[in-house]
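The structure follows.
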Amino acid sequence: MANFKGHALPGSFFFIFGLWWAIKYPLKHAKLRRKDSGAHGVGSTTCLTNFRRIELVEGIVKTAFSFIGMMAEQFVPDGPHMRLYDRDVQAWDHLMNWQHTTMYLFFMLSGLADILTYGTRLGPPALDRLMLSIAVFVEGLLFGYHLHGRASLDVHIHSLLLYVVFGGAAVVFLEVFVPNRPSLELMRSSLALIQGTWFYQIGFVLFPPNGGPEWNLEDHENMTFITMCFCWHIFFNLLLCNVIFSTVTWLMRCHSPGVSHMHLGTLFPASARGNKENGSLLGESDEDE
Amino acid sequence: MANFKGHALPGSFFFIFGLWWAIKYPLKHAKLRRKDSGAHGVGSTTCLTNFRRIELVEGIVKTAFSFIGMMAEQFVPDGPHMRLYDRDVQAWDHLMNWQHTTMYLFFMLSGLADILTYGTRLGPPALDRLMLSIAVFVEGLLFGYHLHGRASLDVHIHSLLLYVVFGGAAVVFLEVFVPNRPSLELMRSSLALIQGTWFYQIGFVLFPPNGGPEWNLEDHENMTFITMCFCWHIFFNLLLCNVIFSTVTWLMRCHSPGVSHMHLGTLFPASARGNKENGSLLGESDEDE
Amino acid sequence: MANFKGHALPGSFFFIFGLWWAIKYPLKHAKLRRKDSGAHGVGSTTCLTNFRRIELVEGIVKTAFSFIGMMAEQFVPDGPHMRLYDRDVQAWDHLMNWQHTTMYLFFMLSGLADILTYGTRLGPPALDRLMLSIAVFVEGLLFGYHLHGRASLDVHIHSLLLYVVFGGAAVVFLEVFVPNRPSLELMRSSLALIQGTWFYQIGFVLFPPNGGPEWNLEDHENMTFITMCFCWHIFFNLLLCNVIFSTVTWLMRCHSPGVSHMHLGTLFPASARGNKENGSLLGESDEDE
Amino acid sequence: MANFKGHALPGSFFFIFGLWWAIKYPLKHAKLRRKDSGAHGVGSTTCLTNFRRIELVEGIVKTAFSFIGMMAEQFVPDGPHMRLYDRDVQAWDHLMNWQHTTMYLFFMLSGLADILTYGTRLGPPALDRLMLSIAVFVEGLLFGYHLHGRASLDVHIHSLLLYVVFGGAAVVFLEVFVPNRPSLELMRSSLALIQGTWFYQIGFVLFPPNGGPEWNLEDHENMTFITMCFCWHIFFNLLLCNVIFSTVTWLMRCHSPGVSHMHLGTLFPASARGNKENGSLLGESDEDE
């Protein structure tokens, strides 16, 4: 939907997921550290069965969101209502809506992959991340061929989006091979947040709501500003993401029973502790943590 | 051969290989899991000697297919019949057929590498995947320089193929370093399937069989549609590939003797089980499985 | 600041950091080798607590430098003085200074990340390198969109800078996954040095100080020369970096107590020693050292 | 030197190195396998000290070759004789020779790095490969900016060279992290061979020796043919490389004392044997071999 709502909707989806991931991942690692720091037993095992359940729910929500998106694209008043080709005018019908539908379709596939991976044990391992990475890549692919013959600012603002999209696809693809790496999970969360806010930015620039002033879509100064503005989105979302990560880690540390008594180092799994405490900087702390 | 058959032939080759891989790989991993789950002894060893034999046969079939392709390109009525340069008109003769011959030549080399790797023990390890990756890369290279001065839709539809081709080359190259990774094997199979169906799509668009309506090769709407259509090929082939993977895994699990009795977890090799059952999300399940 | 000083300032920052890294890293590894060669105990542990402290100081210095840079860009006589939009002329104000401010902003973020990582234990591991890599990437991004409508030599000389910038971003990103790898640390140091000297080169070419002869910014010969000159910068900085690395290593080896007596091989951590002495070339010495 | 000799000289250098590597690497791995297969003791240790000596000699030869190349570029009759700028005509002097000199300069640096790595123990590990990779990258960089305003076939034939050059740089860079991997060593050797023969091809096309017919440098058919011809170079050099690898491996196996008696499998190091004999396809044979 080429209007403000059409950008606010996916923007909100991505922002919500980014926020959620920024909270989920440090939580997961805090729980794991606590487990490693001796508190074995039923508690810790259940906490991890819970994590599988959480992933499952995430998959279901993702599927639902994508379905909502698809319906919205198809059945808005000016939508194609599932008609692809218009015989009367001998032309394709509402191709842009169809493209957006396709994007949502892949995110639905990724949601289903989550369900297959965490609900049953039938999918190959890491299928969830693989499918997510493909979904994001396809989104980028469609956006890339989406910009033909638009105003230069319009093209530019969307091509900046492609950095985030393909960056996200690459990060998630890396996660297929390097699972449970906080640095990657932080990047994924940030990129989701950036994509979310940037979608809103695009909406504000191309379709100024409540009658804001129009932007001159050919002015080069504006393009320079937008590029810089994009970096500010990166900056503030990175900041937000780091604040959430650190806060959650800090909260978990305070509220974890029996941890207050023990030496800080023991909050880290063996190898990382080796790295940080025994000072063996040769240890691949990042390989393990 | 610039006609429908010329696209249907390689399309079928790729599709058949994609299907075969989608069946072979989950089968292999199911067998390995069963081996790990205690059923050691003659049975499991033979099953893996069988896998070496299967790979060998695959290499032979690949070599045969490529040879057929080369002969077809050279000796069709309008082929070059092994003549490269036409002295009379002082010009190269049927360069496109020669290009296709070259592509098949590299797949033949890859087939021979399979035979060298799995038949004898003389080749360096992973030679088979290295050569396959090079073969696919060369295919992409030739396609890339193949499009000079064609209609825009023709160029576009082939350049979409390049995503699949270079993607495939990259995935197989990764397999040189990360062998037996289900996620990569799933991608390889899917990319082969996509390439297969997309070759057919190209054939249908450029050479509509049994007198279908001609496509307007310069209409931008058509290009947008084709891009989207390409994504649908990705979608359905991914779906197909996942269904096959899950079904085979599921079948193997049901029909594996003595497994029905044991706890599901034991179907996974140690580290993966650690990951999935004991919940140690820190384990690099993907590193091992 | 589009003048010689505006290029000398960042150039000096990068050069100083490059020099510092070229000294710090071999020092770190020498200390670790000594530790591995038996001299365990309080001494070695403190030496590594010191390294954490050094990293912390580095972060603070980085933050300070970036802050100085930002102030300089904003409050030079011809600066924007924090004003982004000029209502009178309805135009953006001093966008280039704002872009430079943004670059410094990200380096400040990276400095803060260092403080978070080495001061507290709250940040995810490898956060420092991740943020540095993003900071350098953003620098490259802004430079890339910074060159619109300039003279060809100006564009060329800046686009050569991009090789260093994106190369640096890639190397630091690799360090997120492969920590403490001397080869990567050597590359990072060299790239910082190259960037430093190249900034000066740009200053000398675009704004010849004390009235040097103007360069013809459209002459293609000049572009060819500049490309070659760029390679010489690479050459001499690589040479410098290697000389420093080797000298530091050599000095540490001479002055390390109790090492003079022992077999050279013991200067290397187990696996590397295995690789070099026992001759097992199969060992991934580089994986560990 | 823009003539046939100027391309034959580097072509020969690269071809000789490719051949040498294709022989050295399988030899090295055969020796290591034999060591692993029980024949421990003085013999095997010396054989590996020899390998260090061989690498050292290789470094010296590389340095020598590069020095010869530099001298040839500088002091040929129509060379710059070390003069960079011609004050009389106010222009750069013989820039192309200077570019080629720069390329050789980096290969000399790489040779010196070999000497530093294998002669002394002062350089960081993997310095030799890092420097080689940089040398090859710089070669590509200079070639890339070397083609301004030439005939299209001239540009095309050189840009095909860039695939080999940057491919080589990437492979050697990978070797920094994944040492002693036969597949990478095979690729490195093949790429060196391809670069060697392709330099000759360029010489033959641009400067047909002993008065061959001139090529039409603007004919698109010729470009198509050259692309295909490039693939044939890849094909034949890959074939050559594989034949050498297999032959050396086979010879070493026959002529290795006490091996003829033992089971074939024992020719492979543990993990690889595990992989190939015990059939545990899960083992990362490639990680170890």
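Per-chain numbering from 1; labels A, B, C and D assigned in written order.
As a working rule, a contact is a pair of C-beta atoms (placed from the backbone, for glycine too) under 8 Å apart; a residue touches a chain by one contact, two chains touch by 3 or more.
These are the chains along with the protein names UniProt gives them: A, B, C, D = Transmembrane protein 45A.
Bear in mind that the values here come from a model prediction, so they are computed numbers and not experimental data.
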item: Where chain A (Transmembrane protein 45A) and chain C (Transmembrane protein 45A) overlap in contact partners, by chain label; value: none
item: Numbering shared by both copies at the chain B (Transmembrane protein 45A)-chain A (Transmembrane protein 45A) contact, with half separating same from different; value: different
item: Most distant chain from chain D (Transmembrane protein 45A), judged by the mean position of its C-alpha atoms; value: A
item: Copy-to-copy rotation for chain C (Transmembrane protein 45A) and chain D (Transmembrane protein 45A) - C-alpha atoms, rounded to a multiple of 5°; value: 90
item: Chain centre separation (chain B (Transmembrane protein 45A), chain D (Transmembrane protein 45A); CA means) in Å; value: 30
item: CA centroid of chain A (Transmembrane protein 45A) to CA centroid of chain D (Transmembrane protein 45A), Å; value: 42
item: Residues of chain C (Transmembrane protein 45A) whose C-beta touches two or more other chains; value: 178, 289
item: Contact graph of the chains (line, ring, star, complete, other); value: ring
item: Every chain pair meeting the contact rule; value: A-B, A-C, B-D, C-D
item: In the complex, chain B (Transmembrane protein 45A) residues that touch chain D (Transmembrane protein 45A); value: 28, 32, 35-36, 44-45, 47-49, 51, 91-92, 95, 98-99, 102, 105-106, 109, 113, 116, 120-127, 130-131, 134, 138, 141-142, 145-146, 148-149, 176-180, 269, 288-289
item: Complex contact set, residues of chain C (Transmembrane protein 45A) against chain D (Transmembrane protein 45A); value: 26, 29, 163, 178, 181-183, 185-187, 220-225, 227-228, 231-232, 234-235, 238-239, 242, 245-246, 249-250, 264, 267-268, 272, 276, 278-282, 284-287, 289
